[in-house]
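Next come two complexes built around chain A: one with chain B, the other with chain C.
Up next, the complex of A and B:
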């Protein structure tokens, strides 16, 4: 049997699966293109025209949404950059350097994987309050830099890079930092891009910590802002606007998925290392 | 003047010693091969010279300067790794220039040196390629080129041919031999392939069990092995070592008796040999020829035949149970199970004492 060819039943199953996945997205998109008044009473009006872009125009007319978008971008990009820098440096140490308690420290980092963020949320909240970091970008970014999985992921990847390369570089007169910067780091690019995509998406979609830390509306991220808006506009007359906000908030994620499809699939398949 | 001087090198990993009091002098422009089985310490010794391993005791001097406290990049050595160790994200040109850039060599000089090395190694057309776009042989040339451009005082080659197929290995071996004529530096190559060591090296350092077993020119190692390990390890197939007892006699040369009762008159001086039993008679296959039964030194039964074209190796068993490897010309008519006679050429035979030390025929001097 040709392993690459699907049977009709297989095609039907795939089609059904795809429909189930795509239907909510299409439904959201259709709702966002309807006048709010038309959706009063029954949202089924979204299935036929006329359609309008007035909800999207309203978003751009609302300075809060753009502000939240900017906040989300700053927090997600800041967290991603921070995680990449810290995870790379820590992983190089764990993968290549000999120092006392190296194994113990690595185990402690891995134990971080077992601690749910909810378990530390109260002391974390208090700590940030003492440091006056709430309602600030550092306050929103710093907790995201605690990334034990990223360190574990990068350490595993770096361990897969032959040590002979480090040795060749040292014989070529490279310092430890030059070996890291010019030889090892460029070779971790596939892992870095995978990590960047997941960290960015995780940070962009994060709701829990920004909800606690950002109490001023001008420091809301998009997720917190949209949730707040949902509370204000929960009546049916605002449904189209609400859906337009959801589509708008999803766009960056959609772009990231399209741009980094290869890395995401590779990471999902567990083949990012090597 | 010695280029490299190793003095009383000791190294242990945890409680396991891997090098025990190793000393060696390498002359200017000399090509040395470290030959030995896996775990003999030869790669560790090379890595100590390179600075990739620390030593527990001893000294390494290069050109009179003590280099063992220096980092690898400041020792004046270059190394070609077994798996090439080319930087995959850099082009060939960048690979070759990397070390020179770290040493802050002026750009014009870097370009000139890279161009010259590429010309010598015939990789000028590959300079802008990445290693992944090249064949194994080409990568090996780049690895050699990366070493050449640094103009080191000493080249270290860690099993440089082991990843190449048989044909390319032969060709690269010849090219290495030509290269060393052009380069004003000493070479140390680690290998477990004795053919490589025999053809390339001025001297072979045979290592086993943490120590140097013998240092000598290739033919000296082959024809006058210092001990039973060297006798067995160098030469293919291995030398036959048959238990023997010294026969009574007054002559200047030893006459020994094998377990089968056969007696062999050697050219090994009797003086200096330990008295009594416990000797081993060493015979290379070319010292043992096939005769008709009863016409040789001893009779034997053919156990196995290896037909190599120009000669046939005959693995035979003497009456006492001793296995002996003999050589027959061309495509031998013998068959497994045949009864044959073996003529043991005592004039070229070796004797090894109970301590394993070799005693050799005078004629072989």
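Up next, the complex of A and C:
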């Protein structure tokens, strides 16, 4: 595991790398704290004071950024809840029950792992237009609910739970659903939290589908809203304000990241040794 | 209870499977059908057979976009893999500071593409960017990364490497933890040099992780879209237009849905080939490493 301690040169390279990783983020933070006028034609002003919070105050005076934040929260939380419910139900079926076509259906789900989202985006767009679901929360949430990975991941986890537990409960007269609800589901809590964190991050950061589905600015999520803001940067001006929006939009995700770092790292480790 | 044929099982999988059929399986076949038709904004269009694919093969804009995609993938994947591996090796030996540094190196990976391009736009811009300011401070002429056709793909590659480093780093770290300690002890007894130990023990043990990282990243970068769309809109004059941006412009700019579907199918085949190559390579890797 450890092949001797890191040499001074190794440490220097590592710290330089860390500096390169954080420098763009610190730069963004500094820009966001400057008066817009001061930055015109001279962004180097960001390296020294005076600093101000006026750009952040402006965000709270501007309803559209807050609206996008609300949309992102609704879509990300809705997607996460939906994925947990659908994946848990389906995985219990695949992991524990014997029914016609079980293997075939499971293979069909696994094959979905190989389908990149751009391969189906055009027909999905057509389908949602037929169903009049564009520019709506269901329209933004539904495509996120069918991730094959969620079923694959949860089924694998449930197969690892000893069958004796279900059998004991069944002998006590519990129904299939009671076994699922009272016995299996509580035991999958670690897997549920990992899947939840991943689904939330993925949904919060998704750009591709909301870009296509949400065309009215009051249905934008933060990713699409900030994309529009940076494309119109020339008209709106205000570099400091733009950067404050970027910082504001990434705060929730950093909070989730810091709070759930363990789950993220553990899930990554799981992918590697699979 | 075991083995009893039971229709109730279908009730558990039905909610997921019905949505899956509607939103993934149906569009998959529908896309294939669309690619054989001339379709515009609304309506079903008419069947044109392979005409869209023939047009695609003769479209210089598509071939340039495909070439750009290959170029940027080739710029990103080797650098990203080597950097992530070196980083994981260093962090694995860094002792107490490792957790904090790991957190720093992974932090960019939790950002959305919109935030990443917003940050890098003002790192790369010659007039208002961090690099531009640094260049000027050193007395040099700032480089116009995003408007020079020779610099734009490397600029997108650098942005992407900064964004994507976290995941491969974590995968390599996890792979390193799996290597049995006694293998290194045996090497130390033989007075093996660090380089020999790395080449003879670490790299072979990480073979599967390396294949996984290379294939995952190749598949991801072949779909590079947001960086190009947001930072340069594919410019200057198409020098940074990627295949997915081509698809996006064709479908949602010009509404040529049949033609765009044909491009989507070609890209799908390409990514499928990479995915299959990964299964093949990791499968073989498992056989090659025998008992492990």
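Quick notes on this one:
FYI, the second predicted complex is superposed on the first by the 253 of 274 C-alpha atoms of A that agree within 3 Å, B and C clash if a C-alpha of one lies under 4 Å from a C-alpha of the other, contacts with A are read in each partner's own complex, and residues count from 1 in each chain.
Rule of thumb we're sticking to: a residue touches a chain if its C-beta (ideal position, glycine included) is under 8 Å from a C-beta of that chain, and two chains touch if they have at least 3 such contacts.
Worth saying up front: this structure is predicted, and the values here are computed from it rather than measured.
After overlaying the two complexes on the shared chain, residue contacts for A:8 are found with neither chain B nor chain C.
By the touch criterion stated above, A:120 is placed in contact with chain C alone, chain B being left untouched. In the superposed model, A:25 makes contact with chain C only, not with chain B. After overlaying the two complexes on the shared chain, residue contacts for A:50 are found with neither chain B nor chain C.
In the superposition on chain A, contact of A:169 is made with chain B only, not with chain C. For chain A, the partner touching the most residues, choosing from chain B and chain C, is C. In the superposition on chain A, A:187 makes contact with chain B only, while chain C stays out of contact range.
In the superposition on chain A, chain A positions 167, 170 are in contact with chain B in one complex as well as with chain C in the other. Looking at the complex, you find that chain B touches chain A at residues 50-52, 71-74, 77-79, 81-83, 85-89, 98-99, 102-103, 146, 150. Residues 1-6, 10-11, 13-14, 17-18, 20-25, 27-28, 31, 39, 41, 43-44, 47, 85-87, 89-90, 92-94, 97-102, 105, 108-109, 112, 114-116, 118-127, 142-143, 145-146, 148, 151, 167, 170, 176, 180, 201, 204-208, 212, 222-224, 226-227, 230-231, 239, 242-243, 246, 249-250, 253-254, 256-258, 261, 264-265, 268-269, 271-273 of chain A touch chain C in their complex.
Within the complex, the chain C residues that touch chain A are 1-13, 15-17, 19-20, 22-28, 30-31, 34, 87, 90-95, 101-108, 110-115, 117-123, 127-130, 133, 136-137, 162, 165, 167, 170-179, 181, 184, 194, 197-198, 202, 209, 212, 219, 223, 225-226, 230, 244, 247, 251-252, 257, 260-261, 264-265, 267-268, 271-272, 275. Within the complex, the chain A residues that touch chain B are 162, 164-165, 167-174, 178, 182-183, 186-187, 189.
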